[in-house]
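The following pair of complexes shares a single chain, chain A, combined with chain B in the former and chain C in the latter.
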Partner chain A sequence: MSKSNLNFVKAIGTKMNEHKFLLTYKGDISQDIIKGILALTEKKLELDGTEISLKKKVFNIMVECLQNISHHGQAHENQSKYGLIMIGRDQNDFAIYSSNLITNESVNDIKNKIETVNHASKDELSEMYKEILLSNRLSEKGTAGLGLIDIAKKSGNKLDYHFESFNDNLSYFVLRTLVKPSN
Partner chain B sequence: MQAALKIASTVFTPEINFDPKQDIFSVIGRSYPENVAEFYKPVFEWLKIFLNESKHIKQNIHVYFEVDYLNSTTLKLYYELAKQFKDFNEDAEFARITWTWKLESSMDENMIENIKTIKSASNFEIEVQFEDEAES
Partner chain C sequence: MSNKFFLEKTDSNPEILFDFENNIFSFKGNSLPENVFLVYTPAFDFFFKELQNYASEKNILIDIQIDFLNSSSVKMLMDFCKKCLDYNNLNTSQIICEWSLTSKEDEDMEDIILSISEASGYTIKKISKKI
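Here is the complex of A and B:
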């Protein structure tokens, strides 16, 4: 095999450097894989000497993102459930990217949820959180619907999102969550 | 008296030790199981029986939590737990509940707020201790 066939490896490495990704994963999202990704996340943050409350925020957002994919992510035909998760770091600022397939019908619902949390103040987010704790029952999937509010609360920044059509039934959903050290 | 409830910890779930004879009601570890309701079902079932039995016996209950990492659905269930303790606290003739929660960091605003939210479902204090503060 000639050298040039492996050029893409260096290209991927360069891209990862450019975007300062300290962790990237694309593929099946199962319980065992989540366990592995979280262990790797924790180790990387620890080795980087990340301050403890920042580390916990990034870690917890990773948990919510991965479980969102596991609970709501869709599989294309008979392929396994697709998920993409990346952590970027610029100095002490973190960006957590997650992407998965969702049904076209849920696009508007997710969009509305994100817009609602993006327009809420810190206190309003806490109120929304409490309201769900008080009222909502758990869904069939055993979820409470707190995920996005929790992510927004921990981030303290607006959530960036993007939808892109995949086929007649499915769309890509991309979410970016920023985490910055509090002063 | 009801037999103790012991559940060993895993990467995703905390160790649970509810032992009335030893006066231990502890939850130690992390809590982000895939299906939170399923994991905590035996805990709630056990507690329901125990609290019912305990209403007429003089036993104070000291709950101890050392949980720093939890997912949002776990928080929902801990809120339910606080509500059960509150009902007990109102009905019990002699017994009282105290709750201590130990956190790694006093800088963890998010967990401090979460505990406050859980406390709002109860009618008693949750004392928060921090590992990074010198213990007196």
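Here is the complex of A and C:
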């Protein structure tokens, strides 16, 4: 392989430095992969000397994002489920990015859920959380419908999101969650 | 038939021990299974079935040492607490859940405990362990 063909490696490394990414993963999201990503995240945060409460917040949000992808992510044709997870760090602030394919029919539902969460105060989020905890039944997959509220509660910041059409049936869903030490 | 349930701790589920013979009940470890039913349903089914044969008037103390849990585990534990409240309302012996906080100033975990207590109506006792 020629040297120029390997330049992309340096380019990716430069981009990761620019955006201060601690960890990036793209590919199949299975339970075993999730375990591996979480173990790596824990180690990275430990080596970085991140304080325990902040480390737990980042870890918790990672789990909810990864399990959301595993439970609700869609696969394109015969390919495995696409999932992307990245953690960026700027000083003491963390940004957790996740992306996966969803059905076009679910775009509005997810958008409405995020908007509701983003417009809620801290107390309102707690009330919503308790209401769902009490009223919702766990789905057959064992999901409680609490993921986005849990992420928002732990983050203490508005959730940033983006949808982009992939084809007639599927769209990309991108979520960015900020975690700051003062929260 | 044994009146003891034991589930070994893994990366994604806590150790669960319900030992009616020795009166030891505990959850220890992290809880982030992909499917909470697989972990908790056999344990809770066993617990509430054995409770029907529990003749003692002694209280049942459940020691919870869960340091991290995902949102579906929170839901599962809230349902468990609701059933504990139902039992307590009908029996002399009481189920008491004590949740040990292992990290200092763990507001998120305190918030989870409060949410479970308020949603279920069942009070979980918080125990702060010295770090």
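By our rule, the second predicted complex is superposed on the first by the 182 of 183 C-alpha atoms of A that agree within 3 Å, B and C clash if a C-alpha of one lies under 4 Å from a C-alpha of the other, contacts with A are read in each partner's own complex, and residues count from 1 in each chain.
Keep in mind that, in the parts below, a residue touches a chain if its C-beta (ideal position, glycine included) is under 8 Å from a C-beta of that chain, and two chains touch if they have at least 3 such contacts.
The structure presented is a predicted model; accordingly, all values stated were derived computationally and were not measured.
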Based on the superposed arrangement around chain A, label chain B with chain C as either clash or fit. clash
Using the superposition on chain A described above, determine whether A:Lys130 touches chain B (first), chain C (second), both, or neither. both
Is A:His72 touching anything from chain B or chain C once the two structures are fitted on A? First, second, both or neither. neither
Pick one for A:Arg89: touches chain B only (first), chain C only (second), both, or neither. neither
A:Asp150 in the overlay: touching chain B, chain C, both, or neither? Say first, second, both or neither. both
With both complexes overlaid on chain A, does A:Glu64 touch chain B (first), chain C (second), both or neither? both
State which residues of chain A lie in both footprints, the one left by chain B and the one left by chain C. 31, 34-35, 38-39, 52-53, 56-57, 59-60, 63-64, 67, 70, 126, 129-130, 133, 136, 138, 141-144, 146-147, 150, 153-154
For chain C, which residues are in contact with chain A within the complex? 11-12, 32-38, 68, 70-72, 74-76, 78, 103-109, 111, 115-116, 118-120
Which stretch or stretches of chain B touch chain A in the complex? 11-12, 32, 34-38, 68-69, 71-73, 75-76, 79, 104-105, 107-111, 113, 117, 120-121
Residue numbers on chain A that touch chain C, as the complex places them: 31, 34-35, 38-39, 52-53, 56-57, 59-60, 63-64, 67, 70-71, 126, 129-130, 133-134, 136, 138, 141-144, 146-147, 150, 153-154
Listed in rising order, chain A residues that touch chain B in their complex are 31, 34-35, 38-39, 51-53, 56-57, 59-60, 63-64, 67, 70, 126, 129-130, 132-133, 136, 138, 141-144, 146-147, 149-150, 153-154, 182
